[in-house]
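A, B, C, D and E are the chain letters, set down in written order, and residue numbers restart from 1 in every chain.
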Amino acid sequence: MSTQALSETRAEPALSPSSRVWLYRAIFAVAMLAAWQAATGPLLDPFWVSSPVAVFKTLVAWTASGQLAYHLLITFKETFAGFVLGATAGVAFALLVGANDTLHRTVDPFVTAVYGVPKVALAPLFIMWFGIGLAPKIVLAAISVFFLVFFSTLRGVREVDLKMVDALRTMGAGKFAVQRMVIFPSALPWLFTGLKLGLPYGFVGAVAAEMMASNAGIGYLTQNSAGQLDTAGVFAALFALMVVTTLLNEALGRLESWIFRWR
Amino acid sequence: KDAGLDVSLIDTGSGTNSMAAILGGSVDVAGLVMSDAILAVAKGQKINAFAPLMSQYASDAVINRKTAEKIGLVPEMPLKERMARMKGLTLAISGRGSGTDKIWRYLLSLGGLDPEKDVSLTVVKLDKMYLALRSGQIDGFNTTAPANNQAVEDGLAVWAARPSHGEVPGIENFLYTVLCGRPDFLDKNPEVAAALVRGMTRASELIRSDPDAAGQILHDRYFQQTSTELIKHTVSDQRMTVSVPPTLSEQQFAHNMEFELKFSEAVRGVTYQQAINPRWLGA
Amino acid sequence: MRSAHLSVVPAQDCEAPHAPAVELRGVGKTFSSRSGRVDVLSGLDFSLENGEFLAIVGPSGSGKSTVLNLLAGLDQPSAGSVLCQGEPVAAVNTGIGYLTQHDSLLPWRTVEQNIAVPLELRNFDRAEIAARVHEQIAQVGLDGFERHYPSQLSGGMRKRAMLARTLIYDPPVLLMDEPFGPLDAQLKLVLQAELLKLWSARRKTVVFVTHDIVEAITLADRVLVFSPRPCRIRLDEPITIPRPREVHEVRFHPAFEEHYRRLWAALESPVRRPS
Amino acid sequence: MSTQALSETRAEPALSPSSRVWLYRAIFAVAMLAAWQAATGPLLDPFWVSSPVAVFKTLVAWTASGQLAYHLLITFKETFAGFVLGATAGVAFALLVGANDTLHRTVDPFVTAVYGVPKVALAPLFIMWFGIGLAPKIVLAAISVFFLVFFSTLRGVREVDLKMVDALRTMGAGKFAVQRMVIFPSALPWLFTGLKLGLPYGFVGAVAAEMMASNAGIGYLTQNSAGQLDTAGVFAALFALMVVTTLLNEALGRLESWIFRWR
Amino acid sequence: MRSAHLSVVPAQDCEAPHAPAVELRGVGKTFSSRSGRVDVLSGLDFSLENGEFLAIVGPSGSGKSTVLNLLAGLDQPSAGSVLCQGEPVAAVNTGIGYLTQHDSLLPWRTVEQNIAVPLELRNFDRAEIAARVHEQIAQVGLDGFERHYPSQLSGGMRKRAMLARTLIYDPPVLLMDEPFGPLDAQLKLVLQAELLKLWSARRKTVVFVTHDIVEAITLADRVLVFSPRPCRIRLDEPITIPRPREVHEVRFHPAFEEHYRRLWAALESPVRRPS
């Protein structure tokens, strides 16, 4: 009997854990939307919060007219370029700065200071230097990503297990080899945290830049709808953005678990 | 804007951004508030106004309808009376020293109020003013159409002061917004400037003479989501602000300077020649 | 280091033939921490000729690993000096192979990738790396586990992977901290024999820390017995059992009993307190 | 001789490492300011980038008039309240969500989605719900801090060494004891990364909210100066903000190294 | 568990007096990984009476730690069932004390804080915790290091801290994976004597994994010899040396030689491949 009890706990459940998670997610999403729809009208003024139905209609209309894909693609391109730039720079700079304690401690407060500057306040400078085309969006996305990746990776570099570094060094590894074989792999979980924190902020950066000055992109779309007090439009644009961000972050997660298959 | 020009319209959230875009070279021409242009000139920037957009101080004040009832304000009262009743309200400006700030101060002082003590002027971004009023966070605001027209049309607010209708003494015939460009751009591309001025003139005439048609065009091209009625009303309501025929006279400029100097010494010394290039108006 | 690998002639590393391979002069080491200072070593002197096999035994916490860390240049003495081939050890000593007491495999590399690290660092070509890694893995009995990650190995298997990684690049000096501790008696003998074979073929200088007195006698030319903290050398016992030795037989050699008794006595001397 | 060489390396250098770092920092700061001052005029138009001298003058004037302290204190209070709220919620929620794998995987994409929404686009909702007083600034600061702390801490919770958890569980530890004794301490480095990433963003959030609608605070000050095309004023306000951010992050760093004294 | 601590009467945990304390029935365990499947255990059967002292020896990588993990409920068998006090072990088994092979001290707690963990979990009051921790620290010879963090200890000292942490809460069943491996011969004897004393006073059920055959004979009632993977029991040897035993003397008992020879032969049997 007890044998049976045990084998039962080992038996495959009706749903695999992964599809169970998807089920829960779906339930959660539907519940949220239903609650929103129900609250719209009696509790909440649709002028402020629109309603799922209205948002859905707008999405359908935009999809049909091709607007959505057009604007989304533009924002995606800007963010992607910014993300690649910012993440690469962040990792490289973190590895560089993390390699030396004095350098690290010297540079750290300055980077923190720059990180803490609200980029909105520098909008005029951005526009003057980078114009109003794609450049300022890419730059803002890159900057947003850079700092998050930089600080996370730097922390990872500083958290490395010195015993492994010592082991490699006695085997004759130079600085560069230690970086490649020990520091980088051991900072990877931190790096990925930085990437996952950075990617959505990259989008936020690009969208914020679009809101500042542009004639295309999700930021333009929200700003445009907001200007016409079309809340459904604002939410539809944001919803599309959310979907893209989440999917991309999910993809990052997949990449990560493939890299961390040794666990 | 129908004068056969291929222009791309770019939405930049604020005056500073537009100015940055012009001076950084990424935009050739932009509509700016004249007072910003004057200030930039005073700070040594090279920027010229070459065509008027609005020649009335088109920043109309509205206040919440309920507040108006409470303080007994009705649009039919004389302006001074209306202003005098504004005591204790929370009013939105877009920034200390901005156009909305100045006009509030000017209006309130007409009513004998001290803007520092008798009301609370709070900074709200221009595009958030309507929302702040609607959610009851402020009692009134002051901005260019259509946000204030919308508030009135929606029955949320009533007019408190209408400089755009010329009812405010001292700022009639005033350069409010103008088309600006860098002098070197204007020199190199006189035909573009001329074309823009021609387009402007035609548009102004259309707005003045047939606001409904102009409103329809605006709606179809730029504001599909906003109701046609609102736009038509707004255009016709604001039609007196456009400049027909377009002028950028020394007298208007002097008016501007006089108004600006009430608030800031920084702009003293800016001359007509530095700020304005009326070459194309005659063409 | 490269040369160390290429020349297989025994005793090839005597560039300074009269300088001892390893020398400690009046070495002291004190750790300071919030909870006070711990004097681990004080006035420690010993030296080691090229090609000598030294075993160190001593109570737990007496400073054996500390001595190896000093020799490896991973830590600096608080007093005195540490010399290797006549040169003071100022930075990390890359002329040695150090098998540490704690686990230092790279968890993100498989067994074969871990063992290949020293060869990769020396830019061997892929084919040679593969061949040598394969051979070394077989030698420590890890075949079948080439593609396993360290987390998928047992404690003894991890130690063996570390052993393979240390031996594969053939360093002239070997520091080994309880390398055979978590291995079964049988495998221990096999690997001891292996080590002796390697040592006599290549005449390496070895410093071997162990808790197993039998193992120390079996392998070493000389056994140092450390005292409890602050550590001094309580006994410096040359092992007279002739070479070549057969690991199974050493314990039946007539001299064994005497060595064992003396080492044991030295270890035991002032009766330890616990209970 | 060799003994001497060794003891030399052990001898105290003329400057202690810490004061050396401060020296480098000072040199770096002075070099940056000098470069900026030198570039202003010939290379860069002071209308856009002002100049260190002008910024300094503005700072002196503001300090003398008490304005700077007044506005800074307001922004500081808002951010501090937001930081405490956001960080507490972030840590608590991360511990909760991290305790259960299914929960974690279910909730993760939704949190990511919300995280990726540009908060600027939600300004109308903020205004409606939280008004234009202190509340929206605190909320925006709290939200900015929350997500960074949440994601970092969550990652830390997931990275915990399961061997330690198992050890505690065999000793009879319940879920809560495991959290307290193992998971929380081992997630601390991640938590601190979150705090250090979050604190400056908390300021950014508060300042952005101040720029939207306010009568006081650093955001108001920058917005005001920008409206008057007074770049020196903008930079002076940002500079004051940078100094505060950096000092606070330095304080966080001190706190952290005190907590991690076991290393 | 609390009761286990409060009652100091020997053999107090025989609530089900006729169910074996620990029982494995046809237990199989297979690890699957990218590099293929590893059959570690297959069809393993053995049981253990309450108060019995069982030692397990076997080649490195044969599955000894895996068996302890199964008993502790940290892993589930792929086949068969594991019972503890007649109950199947489905979740983590909190009725045991498990001294793992790997290091599992909490690095952010000092030695005394680490050792206090099980008592804190049982809500002992501060004074009692302090007193018992102090006593236990002295027993494993860590006095003077109460305030040290694990990273400031030597390998053997860390093992001793783990030992103290396992013994302090007096669990009825002890699983010990090479607890005395990294200790010097002298200290090993002291702690073995300690363990025997504790065991005979409290009649604990002990499963003791070791590579030291002498240690197994010295301590255990019965010694299991595991075969290499997939693991089966090659020999189940009851130790006939009478109790109480004196750890120093056991090896001179007449029955010792015979036990030693048989265990060694069982371990050795199919000659191991390496080189």
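Definition applied: a contact is a pair of C-beta atoms (placed from the backbone, for glycine too) under 8 Å apart; a residue touches a chain by one contact, two chains touch by 3 or more.
The model shown is predicted, which means the values in this text are computed figures rather than measured ones.
*Asks:* Can you name the chain that lies farthest from chain C, using the mean of each chain's Cα atoms as its centre?
*Replies:* B
*Asks:* Among the chains, which is located farthest from chain E on the basis of C-alpha centroids?
*Replies:* B
*Asks:* In whole angstrom, how far does the Cα centroid of chain A sit from the Cα centroid of chain C?
*Replies:* So the centroids are 49 Å from each other.
*Asks:* Counting in whole Å, what is the centre-to-centre distance of chain A and chain B, each centre being its mean C-alpha position?
*Replies:* So the centroids are 40 Å from each other.
*Asks:* CA centre of chain B versus CA centre of chain C: separation in Å?
*Replies:* 85
*Asks:* At which residue positions does chain A touch at least two other chains?
*Replies:* 48, 124-125, 128, 211, 226
*Asks:* Where does chain B touch two or more other chains at once, residue-wise?
*Replies:* Chain B, residues with two or more chain partners: 16, 19-20, 23, 134-135.
*Asks:* Show the residues in chain E shared as contacts by 2 or more other chains, in ascending order.
*Replies:* Correct list: 34, 102, 110, 149.
*Asks:* Inside the complex, what are the residues of chain D that reach chain E?
*Replies:* Chain D residues touching chain E: 163-164, 166-173, 177, 181-182, 185-186, 188, 260, 262-263.
*Asks:* Show which residues of chain B lie in contact with chain A when the two form their complex.
*Replies:* Chain B residues touching chain A: 8-13, 16-17, 19-21, 23-27, 127, 130, 134-135, 150, 223, 225-226.
*Asks:* In the complex of these two chains, what residues of chain B are touching chain D?
*Replies:* Counting only chain B, the residues touching chain D are 15-16, 19-20, 23, 36, 39-40, 43-45, 92, 94-98, 120-125, 128, 131-132, 134-135, 137-138, 264, 266.
*Asks:* Which chain C residues qualify as touching chain E in the complex?
*Replies:* Of all residues in chain C, those touching chain E are 31, 33-36, 57-61, 64-65, 101-102, 110, 138-141, 145-149, 152-157, 160, 178, 181-188, 190-191, 193-194, 211-213, 264, 267-268, 272-275.
*Asks:* Where on chain D does chain B make contact in their complex?
*Replies:* Residue positions touching the partner: 47-48, 123-124, 127-128, 131-132, 211-215, 220, 223-224, 226-229.
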